[in-house]
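First subunit A sits with subunit B, and in the next complex the same chain sits with subunit C.
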Partner chain A sequence: MIRIIVRRVAASVLVALGVLTIIFIVVRIVPGDPASLILGAGATHQQIEQLRTSLGLNQPLIVQYGEFMINALQFKFGTSYRLGGDAMGQVLQALPATLLLAATAMALVLLASTVAGVAAARRPGTLRDRAISGGAMLLQSLPQFWVGIVLIIVVSGTLHLLPSGGYGSPLNLILPAITMAVSFLGMLTKMVRNSSLEQAGEGFVQTARAKGMSEQRLFYVHILRNGLIPVVTLAGLVLGVFLGSAVVIETVFAWPGVGRLLIQSILNRDYPVVEAAVFVFALIYIGLNLLVDLLYGLIDPRVRVAVTA
Partner chain B sequence: MNNPVTARRPRLRGIAVAGSLVVAIGLAGCSSPSAAAPKVPQNLTVAFSQETVDLNPYGSADAQQGLRVVDNQIFDTLVTQDSKTGKYVPSLATKWSQPDSLTWLFTLRKAKFQDGTPVIAADVVADIKFLAGSASPLSSLWSTLASVSADSTSVVRITTKSPLGTMLANLSLLEIAPASDITKSDFGTHPIGSGPFKVDSFTPQSKLVLSGFKGYWGGAPKLSTLTFADIPDESARLTALKNGEIGLDWVVSPDQVSVVSGTTGISLQESDSDAYFFLWFNASQKPFTDVRVRQAMWYAVDTKAVTKNLYGAAGAQMTSPVPSSVFGSSTQTPYAYDPTKAKKLLAAAGYPNGFTTTIMFASDSAPLIQQQAQAYVSYWAKVGVTVQLQAQPTAVWLQNLLALNWQTELQENFATTGDADYTLGRLYTSAANRTGYKNPKLDTLLSDARATTDQSKRKTLYAQAGKIIWDDAVGMFPIQERDTYAVRSTVKGFVPSVTRAPSFLTVSIGN
Partner chain C sequence: MSEYSEIDPTGLVEAPRGRATRPTKATLRERRKRRIWPTLIPVGVFVFFAIFGPLIVPFNAVSTNIVDRLRAPGSVLSNGSTAWLGTDQVGRDMLGEVIAGARLTLIMAIATIIIAGIIGIVLGLVAGYFGGWIDNVIMRLADLQLAFPGLLLAILIAGVLGPSVRNVVISLAVTRWVTFARLARSSALSVRKLDYVSAARLLGASHVRLLSRYLLPASISPLFVLGTVEVGSVVLSAASLSFLGLGVPPDQVDWGSTIAAGSDYLLSAWWISTMPGIALAGLVLSVSVLGDKLQARFAAARSR
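After this line comes the complex of A and B, so read on.
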């Protein structure tokens, strides 16, 4: 087991180094000059050149890359061009808001999709099942920014139930968390349903049934427990995808998180913040994958055996 | 530079305070007459359409509207521009004189910074030196500065290498901060000024909370707190206004005005604005090297109809290459819509069958910019000129703009200083080479206008410069904007400003 962990962690470090290199290249390939964006359309060429030099952008790329990697490995990404402060500091300051949002959305998704998925799987083929599966499909296909704006206009604007956006009270959290959860809610509901039904056809279920176990007990103890294994994998990955969708949702709901910081930094070619934010997202994603891999082994002994063998 | 993150109060407490604040404001917004206490809490939350990333008035964001709007509350300037007459009037400086054309003397009033220390000449000296020596966008206004010194604790002496006609305009943008504060590491997040409101807390991407400064020399503001909420999405902003989460939203886009117009408890105020559109022709490339082609492009477009149909009350037809609110604007002869004349001019220039070109703009950079570009394209098609739309992300657009890598180009511009020098003097000289148009006579007029401190003479020079730019059709000057402010009826005493940075000194909350 320890060997597996060591191997996985080593692979993750390599991935992180690869991510750093890719971010460095991508932000510089995209057209646009940070210095002229900072100074605006009215600046003189001389002013722009002066700023480019002071930002270190006139150095050869290979020198910039070397400095970037050395600093990045010490978690230093330099000063934000746009905000002034330390780039990694800006990202870490915005991170709790994003994590709070993603964790709340995750809790919503897991709870609601398990309830709905179970409800559908217990009566396969019935009207209830079809309604839930159809609803899941519908939710999965709604674009998030649209869901967000509709929720603001209806729940906040027309019904006056919740604030339209902002950050601070638990009330502010509800609409963005629902928006983030919606499309994955459909996906995971279907996952719970299908994987439970798959398990229901397995031999051990028939054995248990033949031994006279009640259907209720059979479902919750044997079928659902096994059926949730693939859901754990997916949930770990969904949490990663949440970070990506934060870019849109945080802008719609004026949520002061990393997603919004990232999109503003990309639009303004604020290289240090883009690099720091993408690196943090990548680390979270890598960490989640690692966790899912290890968790999977813990939950399902078959996987552990298969990997060690 | 430092990290402004570390010196923050405990997060949970902040959340609790912010939460109760939001609730309090929400309640204040919808309190019924029966529940009206004798004193309404004087707390106002407002939202401006552009974000504030930094408060440092000498930093890289110093020309951005998102900064100017909030810094105008925190800081004072030596002089301010009266938005009605356009004249510069006393603020921190009570009077000024010019012993000779290169020297200016400013006498300061007795005023205090928000930390209680008096405003003295040494502060002003340090501030001007700091800005002039920085690489910020506004530092270029001070390129002719020779020296600045304090004659006494209340008299500032500024000398320039050549006469500086824009001295007062420049000073109206120079925020005064204590000399000891400007080099501090938290100056960008927690600055001290002598303005009517002081900074309580600033959380970028979320909100800036200001509180009234009781020791303000102009009298204490009526509001106890003034909060700038950062709400990037316009429909969310308007919903927040309808809900009473905020009391004021500006600038409302022309196509969003209908969302709030007619709503009970919300009134719309319109104001002249220093924002306007221009469409440049790249005079370094054929066919726009020929003045007749440029003029033909303008005659081919019914700018009056475009203004009225697209912008309605939110736009007015321009009569000068700068908005009429700007010092140095002068009324020029309009290009009446005349497609026949346009065709004749094109034929005379050797393009009887028209030609193909492009129009570049930054998508989403200004309200209805895409629709405006499309309108021009369809007018030009009628005189045989085929124009392709080039909508680009701001970063890409800017790179192409500066490299003169475009044929025609539409953009929104803002006359930040309220003086024609800031736009005409910077953008239309041969040295700046922004449009490919070069005219030594225009260069002389513009540099003379900058180097003259006689304001009536400057006006005449800008009128001549404006006429050349207009008649030679360096660009087309179609629309100057009128800004819409959506205000809740509980907000009393609010007056919009052409600079988009209104004063909240006399604003109060009523029933």
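After this line comes the complex of A and C, so read on.
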């Protein structure tokens, strides 16, 4: 087991280095000359040359890459052009808001999808099941940012129930969390339903039924427990995907998290903050993937055996 | 019915009759479930409007009409025409805008799928066919892209390149090839050791010929199904980029940019953001229903 853990952790570190390399290629090489971008169209040739020297842009690319990697591994991405202060500091300051939003959405999704998925799986093929499965598909098709906008129009505009955006009270949290939850609600509901139904056809279920176990008990004790295994592992990944969708949702609701910071920094060409924000998102995602991988082995011993063998 | 039949020219073989040959109700229901053409209709409607809509309802993205701005759906404009879906913040007819958006949205999605598909299929087949270090390099590169959650890498690339239709396609294609590559690779792995491939190799077929004439045809139908399934999520991604201001430039409209423009008027003119969103959800839903059907049909064909 320890050997597996060490190997997985090492692989994750390599992936993190790869992510930094992609960030370096996309942000430092693709857009052309950062110095003229920073200074804008009105800059003189001399000013540009000066900045190029001070940013180290006249050095060979490989040297620039080495310096970037060494600094990045110490979380140093430079100073924000727009906000001043350390770029990584700005990102870490915005991080709690994003994590709060993602965690709330996560709780919502897990609760609602288990309830809906169980309701569908208890009576497969009935009207209730078909309504839930169809609804799940519809939810998956809705564009997230548009769901947020419709919620604002209806809940904030017409009904005047909740604020349309901002940060501070729990009331502000409700609409963005629902928006974030919606599209994964469909996916996870389908998953709870299908994986429970899959378990229902297994031999151990028939054995338990033959022994006279009540259908109720059979479902909750045997079927659902096994059916939830893939859901638990998927949940970790969904949390990561939430971070990706944070960019859009935080923009809709003016939520002061890393996603909104990232998009504002991109639009203002504030690249140190962009680099830091993307790296933080990717690191959390890689960490979650690793955690899920390892947890999977703990929850389901069959996987552990398969990996070692 | 002609009297002469090719299968039975003598006409002596008695045609089987009776209940045994008639499909049972259950098979009929099963067949109806598998039918693909009903799910093609809604997709076809979107495609039709994307192609011919701009001819029926003309739309000019850079024209403005301040007198008729922010009119509610169904109101009569100053020139006597009716704006069935209302007008936007600069007085453009929303119906025309949604239809023009359909065209651009579909163009971006299809271009992305084609480019991502070609990159993915080539890299995937090469990885599966050659194996070894080539396989390792390509597939680790694929893993690397998946370390960016969701749209993040596309947002980064599109943000750096600046807003344009071409850049949306580039940033999405660069992040979407992985799914195609994985499928093409696994299919190449499953057929490369089969007799017909070995036979062709013994006859001296080149790598390129083996890849294009022997491995590619074996994997093309699952890849086609995947391409259909992916259209929905590419449409959503493209719209998200436009919504964030990283998609189409201001002199063009797609659904994402219209939704973004309307978000400043949510409480006074709800229709600007709502209408293109309904179209977007409708398109994604109809494409995913079609994709599901294709997948089911394909899985059934395979298991037979």
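Here is the rule we use: the second predicted complex is superposed on the first by the 274 of 309 C-alpha atoms of A that agree within 3 Å, B and C clash if a C-alpha of one lies under 4 Å from a C-alpha of the other, contacts with A are read in each partner's own complex, and residues count from 1 in each chain.
FYI, contacts are C-beta pairs under 8 Å (C-beta built on N, C-alpha and C of every residue); 3 or more make two chains touch, one makes a residue touch a chain.
Small disclaimer: the values here were computed from a predicted structure and weren't measured.
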- Item | Which superposed partner A:252 touches (first subunit B, second subunit C, both, neither) | both
- Message: Let me test your reading of the model: by the given contact rule, A:153 touches which partner, first (subunit B), second (subunit C), both or neither?
- Response: both
- Message: Touch test for A:90: subunit B only (first), subunit C only (second), both, or neither?
- Response: first
- Message: Looking only at contacts as defined up top, I'd like to know whether subunit B or subunit C touches more of subunit A.
- Response: B
- Message: With both complexes overlaid on chain A, does A:47 touch subunit B (first), subunit C (second), both or neither?
- Response: first
- Message: For A:267, using the defined touch cut-off, is the partner it touches subunit B, subunit C, both, or neither? Pick first, second, both or neither.
- Response: both
- Task: Using the superposition on chain A described above, determine whether A:194 touches subunit B (first), subunit C (second), both, or neither.
- Result: neither
- Query: Counting only touches as set out at the top, which of subunit B and subunit C does A:164 meet: first, second, both, neither?
  - Reply: both
- Looking at the overlay, what does A:71 touch: subunit B (first), subunit C (second), both, or neither? neither
- Once the shared chain is lined up, is A:142 touching subunit B (first), subunit C (second), both, or neither of them? second
- Item | Where subunit A meets both subunit C and subunit B, residue numbers | 30-31, 149, 152-153, 156-157, 164, 251-252, 267
- Message: Using the touch definition from the top, list the residues of subunit C that touch subunit A in their complex.
- Response: 140, 143-145, 147-153, 155-157, 159-161, 232, 236, 239-240, 243-246, 256, 259, 262-263, 266-267, 270, 273-274, 277, 280-281, 284-285, 288-289, 292
- Task: Quick one: which bits of subunit B touch subunit A in the complex? Just the residue numbers, please.
- Result: 1-6, 8, 11, 14-15, 18-19, 21-23, 26, 51, 53-54, 56, 59-61, 63-64, 135, 137, 139-140, 188-189, 203-207, 229-233, 235-236, 239-240, 242-243, 245, 393-396, 398-399, 401-402, 411, 413, 422, 426-427, 432
- In their complex, what parts of subunit A are in touch with subunit C? 15-16, 18-19, 22-23, 26-27, 30-31, 137-138, 140-146, 149-150, 152-153, 156-157, 164, 240-241, 243-245, 247-248, 251-252, 262-263, 266-267, 274, 278, 281-282, 285-286, 289
- Task: Write out the stretch or stretches of subunit A touching subunit B in their complex.
- Result: 30-33, 36-45, 47-48, 50-51, 54, 79, 81-86, 89-90, 92-94, 96, 149, 152-153, 156-157, 160, 163-172, 251-254, 256-257, 260-261, 264, 267-269
